[in-house]
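A, B, C, D and E are the chain letters, set down in written order, and residue numbers restart from 1 in every chain.
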Amino acid sequence: MDFFVPLDLREPINQAVDSLVVRYGDRLHVLNDLILQGLLLPLERALRGAPPWVILLVVALLAWRATRRWQVALPLTVACYLIGCFGLWDALMQTLALVLVATVLAVVAGLPLGIVAAHSRRLRAVVLPVLDVMQTLPTFVYLIPAVMLFGLGKVPAILATVVYAICPLVRLTDLGLRQVDPDVQEAAHSFGTTRWQMLLGVQLPLAWPSILAGVNQTVMMALSMVVVASMIGARGLGEEVLAGIQTLDVGRGLQAGLAIVLLAVAIDRITQGFGRVRRPIRDEERRS
Amino acid sequence: MDFFVPLDLREPINQAVDSLVVRYGDRLHVLNDLILQGLLLPLERALRGAPPWVILLVVALLAWRATRRWQVALPLTVACYLIGCFGLWDALMQTLALVLVATVLAVVAGLPLGIVAAHSRRLRAVVLPVLDVMQTLPTFVYLIPAVMLFGLGKVPAILATVVYAICPLVRLTDLGLRQVDPDVQEAAHSFGTTRWQMLLGVQLPLAWPSILAGVNQTVMMALSMVVVASMIGARGLGEEVLAGIQTLDVGRGLQAGLAIVLLAVAIDRITQGFGRVRRPIRDEERRS
Amino acid sequence: MSARIELRHVSKVYGDDPHRALTLLAQGADKHQVLADTGSHVGLYDVSLSIPAGGIYAIMGLSGSGKSTLVRHINRLIDPSAGQVLVDGEDVLGFSAARLRDLRRRRISMVFQHFGLLPHRTVLENVAFGRRVRGESRRNAQAAAQGWLARVGLSGHERDYPDHLSGGMRQRVGLARALASDTDILLMDEPFSALDPLLRDDLQSQLLTLQAELGKTIVFITHDVEEAFRLGQRIALLRDGRLVQEGEPAAVRAAPVDDYVARFVARVSGADVPRSTGSAPG
Amino acid sequence: MSARIELRHVSKVYGDDPHRALTLLAQGADKHQVLADTGSHVGLYDVSLSIPAGGIYAIMGLSGSGKSTLVRHINRLIDPSAGQVLVDGEDVLGFSAARLRDLRRRRISMVFQHFGLLPHRTVLENVAFGRRVRGESRRNAQAAAQGWLARVGLSGHERDYPDHLSGGMRQRVGLARALASDTDILLMDEPFSALDPLLRDDLQSQLLTLQAELGKTIVFITHDVEEAFRLGQRIALLRDGRLVQEGEPAAVRAAPVDDYVARFVARVSGADVPRSTGSAPG
Amino acid sequence: TSPWCQSGKPVKVAGLNWESGELLTELVATVLEQGYGCRVERVPSNTITIENALAQNDIQLVAEEWVGRSEIWNKAAAAGKVKAVGNVIVGATEGWYVPEYVVKGEKTRKIRPAAPQLQAVSDLPKYKQLFRDNEEPDKGRFLNCPSGWTCEGVNSQKLKAYGLTDSYVNFRPGSGAALDAAVASAYQRGQPVLFYYWSPTALMGKYRFIQLTEPAYNEACFKTLTDRNQAKPCGSAAPEAVIQAGVSRVFHDADPVLIDFLGKFNVPLPLLNAALAGMANNPGSAAVQSRRFFATRPDIWRAWVPDDVAQRIAARNTGK
């Protein structure tokens, strides 16, 4: 096509990646080691080492504390037990460790980012396009360079998961904060609140439903990355799915896939339960 | 582990899938053909057949109409031109056709679902868990059976994309509708609005920011599925990315990946621009 | 004179377990005890009253005594915990959704204490809302709305949005919106509370004229005793969700049933309240 | 008596291009013309007034005349488009964020026309909010809040949430919240508008006592002319964003500058307004 | 004059996306289009989906099929839904590799040989510290095939057979791309790495690897390796790989003419390796390599097809 002046960035990019690998690869591999030994492996060891009934008990207690409804807590616990019956307990624990770390990191980083975006128009103009890139640049495109830089395994998997899963939380925190009633904020201002008091005492509580929706999406996305993570060598349920697919054993894939879904539901219900404010926001009757 | 009673669903599932394929495979293949011939191919042909400058012009006009700011419209158009320069124009058009169809389907189905979920507690109790499954069940797990049922190609790719991308829209529509000020709804009620008038005249407009955030996430997710789609035979940018990755040609993958990002940004900015209400919601000054 | 609106032993308890609260109330507990014991708020308890057709019916009472709760029962924005509500002799609680809608569209309109304006619509669109809802053309509805905006002194603000208005201006939009609906029954919950005295005088007169000319039935909540005596052809006094006294203003002033009522009406200086009596055809 | 609060040529235009509007106004246009020409709302134009220390200063005026806009300038919730605002002789527009915060925490508190309650906090927490913000312990703050809740008649409702309250109850929560802050300067934007006459009487007396005992400076917006004359040691009248007349009630009544003011003050029946004069130490 | 193409139906060809696959697909497609006047559609996908689609006749042709390497293929072949024809590549290899510098060192990058004695898989236990796995630091890491590939099972059995389960982690990278990335990264950084690999591949052409020796191929032993449940497998090198063209049964039965061509279709290994190396330096140029091949090596491709067909191909390729 004559209309387009031909351009090609492939070679420069490849050379840049190569030289990055040669120059920083070793150091980043060491970093990988540190994160692994310091954070992920101990957690994983604890989860895999504990007797299953202890874990099941913890799940039941957490679910009950979070929701106060045994109609939620009981099925969740039974479902986890069933995963064990499918012979996937060990894989479940590995995936749990990975997803927990990734979700915690995503929330810890995403909430402040969302707050920053809501408070400064200029920063929002920077943050939102970066999120666009993070969410739509195909995971593989940065996963492969990540593998070259960090080595195979869990650490690049976690990084990729965080990059992908953080986006909805940032966006929904931003949205929620910007929808807080300005009259209420004005009243709080009139008492001389610091930014901090305003944020913690007024804005975050009122934006809470949106933020919780963001956390829900983050959990969902972190779990939807489990299979991708196992494509670069993270073990666990994702590997089972992959193996099932590679051999066209739909049953094996689906069984492991359902376990992932269950894990997602469990994490989601528990986080949402802890996040939810108990009081009904408004008397329902009025809305006849 | 003795603690778990061993269970295995693999065989029954596999048999079920097989018998489904045998029984309905042919009919669904025909359906596939129909959707292809009736919807996707004409669109794709039109997009690929049109001279690039026409498409660029349309993009520029749409972006300008949507945002009224040439600071947005101009860079978007230039970026599309650059994708052409990278030699990816044809792939871009193929992906565009796919993503357009998937996004439109997701919005057309997702908005009503969200509305239904917001209005009926019972239906929400059904819809939300289904969304959990749709979003976290690894795509591959249902992609393979889908291929067996529908055949290889664009139609199952679109189905998978819709299944995945619809979720945030449903959730955010539900959230937005449930946050509408009950005082305002009560006032509208007092004039004898029908459900329909209430929905169109009061609830949807007031929930609009949340719904737009949902549309944004849907667009983002549809584009993040492009690579997966090309794993089952949809051509376009995803294929380029895959090929780049398989041959460890990071540059090739990244170049195509960036094109996907750009497409995402363009679709997002245009939809958000058309969706945005022009009037500033509240005088900014009050929030000193 | 026939009763246009009738409440029969209406009680309303806000909360999870109205029956427990009602039992307590029947045993003689008052709303503060009920709140302390059950956590439920008593809105109304055992209120019966009948509002005659054609005329202004004023409702007064302490803050929190259940006035807003009471009027909301008339167009059934609230369902009572117990009791019956009759409009033109028909029990609105038995209405189908369609009949209820029709009642709200053509026969009853309401001014809300908290205005309840639609924030995403202009002032003009807000005022035209009631007519648009019942299917009138945009042109007709807006023409009518325009007229009412002028009468409440808001010409020139047609294209503003509610959040650009002052408190009193918002209240007038809510007022114009109800009036523009042109229904026979008007429920007005403190419609003039945020208005300056000049405007209030003017609107009071307009309301009297309107009522006299068109024979509308108006239920009017106010805290201003003078206003109640000036406008009301009958007056009801609520306290803690119960009806304390009800009757013609003169009668109430002449014979207050208790000290509470006496203190209320003591504030009206005898003669200076002009009245346009003469009840319209029922 | 020294001026506690002073506004110097303050103008406020809501809109994108205040300068164009100000130019028009300087050429003699009024706010309706400015709205029609530029789409900007004029809140205030060229208002200068000085509010003496210790005393109640009443502000009146038609709906939309700029009263709420005016008081918001005093604690700088709004920055003026032109002019200066002085509190205790210092220009608040020059304050750093920290000093402004200190001003709002310890020296000025405000009652909002639309209440501005925090919907996610209980009544008690709402009232304690001001003290909590400036760092008092929860215990102390809630004890003080409890006391003020009792004084506005809301004991027993400590643990309710605002959306379970009636309009007048909400207004009292906002009132208690401002009073509980115990600042020298109180800005009150129609604080009694939703209250019944008995409660209003009671609260007016409390306010007078409070002012007399503690020498607070109170800026009080009201539509009730009797209230203004009963409470105000000085009165200012606004119209369309401009200051029309300002002075002692007696002086204003004796010599209204124009027909508008005359019509306003005509509504007060001469003698029956009790006053507790005697201005406190400035 | 192929009956399939004459009937107007397009030939759907798997759009393989690894280097050799890309090139071979390009060659086949060129012959079909230019020689037989067929309409060729390339359908991109991953291996499993491709094999599955072939079994359903959703696509008709896979230019490079590692016969017998996947369960799907095996099942489909057993059911008679797919057929393998010809010998597309002869002499493909597979096995366990380390980079050459691990044994011999490399002067230009000043890498000293880290394991000069390493020759056979039996030497590996001594070197487990060299190939340390950071997730289980007291073991070495062996990079296996991606999970689910047939070779993954074989290698897992081999680890048992060679007594390496205590000293090495059986690390499954999850995808071919991840394996490639890990190997390439280690090579560029001059780090030791132990992995399973095969040829013809671009990586093999680009870097210098040494294959570790294994016990010679033994059919009985190899059977124990392909059975995952075999507790005590015995060691054996892999048999020579069979790489053929895969076609769907329907296509196979419908078009003897094209099947005849595919039966003769073969590219000599050295030539293929040279082309792959060329592609590695000039990415994405399978089409370029293909055109060069048809322009310069009629000696090879003329043997694939009858003269009239060859004539037509030549006519399209000499002009350029």
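Just so we're on the same page, contacts are C-beta pairs under 8 Å (C-beta built on N, C-alpha and C of every residue); 3 or more make two chains touch, one makes a residue touch a chain.
It should be emphasised that the depicted structure is a prediction, and the values quoted were computed from it without experimental measurement.
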Task: Pair of chains joined by more contacts [C-beta pairs], A-E or A-D - done: A-E
- [ ] Name the chain whose C-alpha centroid is most distant from the C-alpha centroid of chain B.
- [x] D
TODO: With chain centres defined as mean CA positions, report which chain is farthest from chain C.
DONE: E
Task: Where chain B and chain E are represented by their mean Cα positions, the distance between them in whole Å - done: 36
Task: Euclidean distance of C-alpha centroids - chain B vs chain D, Å - done: 52
- [ ] For chain C and chain E, let me know how many angstrom lie between their CA-based centres, rounded off.
- [x] 83
- [ ] Mark out which residues of chain A touch at least two other chains, giving numbers and ranges.
- [x] 10-11, 14, 140, 144-145, 186, 189, 238, 242, 244-245, 248-249, 282-283, 286, 288
- [ ] Identify all positions of chain D at which a residue touches two or more other chains, and write them in rising order.
- [x] 14, 77, 114, 164
Task: Residues within chain E bordering two or more other chains - done: 48, 52, 177, 181, 184, 283-284
Open item on the list: Quick check: in the complex, which residue numbers of chain D touch chain A?
Closed with: 75, 77, 100-106, 108-110, 112, 114-120, 129-130, 133-134, 161, 163-164, 174, 181
TODO: Note which residues of chain A are touching chain D in the complex, please.
DONE: 181, 183-184, 186-194, 197, 201-202, 205-206, 277, 279, 281-283
Task: Footprint of chain B on chain A - complex, ascending - done: 1, 3-14, 17, 51-53, 81-82, 84-87, 89, 129, 132-133, 135-141, 144-145, 164, 167-168, 171-172, 175, 178-179, 182, 185-186, 189, 209-210, 213, 216-217, 220-221, 223-224, 226-227, 238, 241-242, 244-245, 248-258, 260-261, 264-265, 268, 282, 286-288
TODO: Would you tell me which residues of chain C are touching chain D in their complex?
DONE: 14, 32, 35-36, 41, 60-65, 67-68, 113-114, 153, 156-157, 160, 164-169, 171-172, 190, 193-200, 223-225, 263-264, 267, 269
TODO: Spell out the part of chain E that touches chain B in their complex, as residue ranges.
DONE: 15, 17-19, 22, 42-46, 48-49, 52-53, 56, 58-59, 176-177, 180-181, 184, 202-203, 283-284
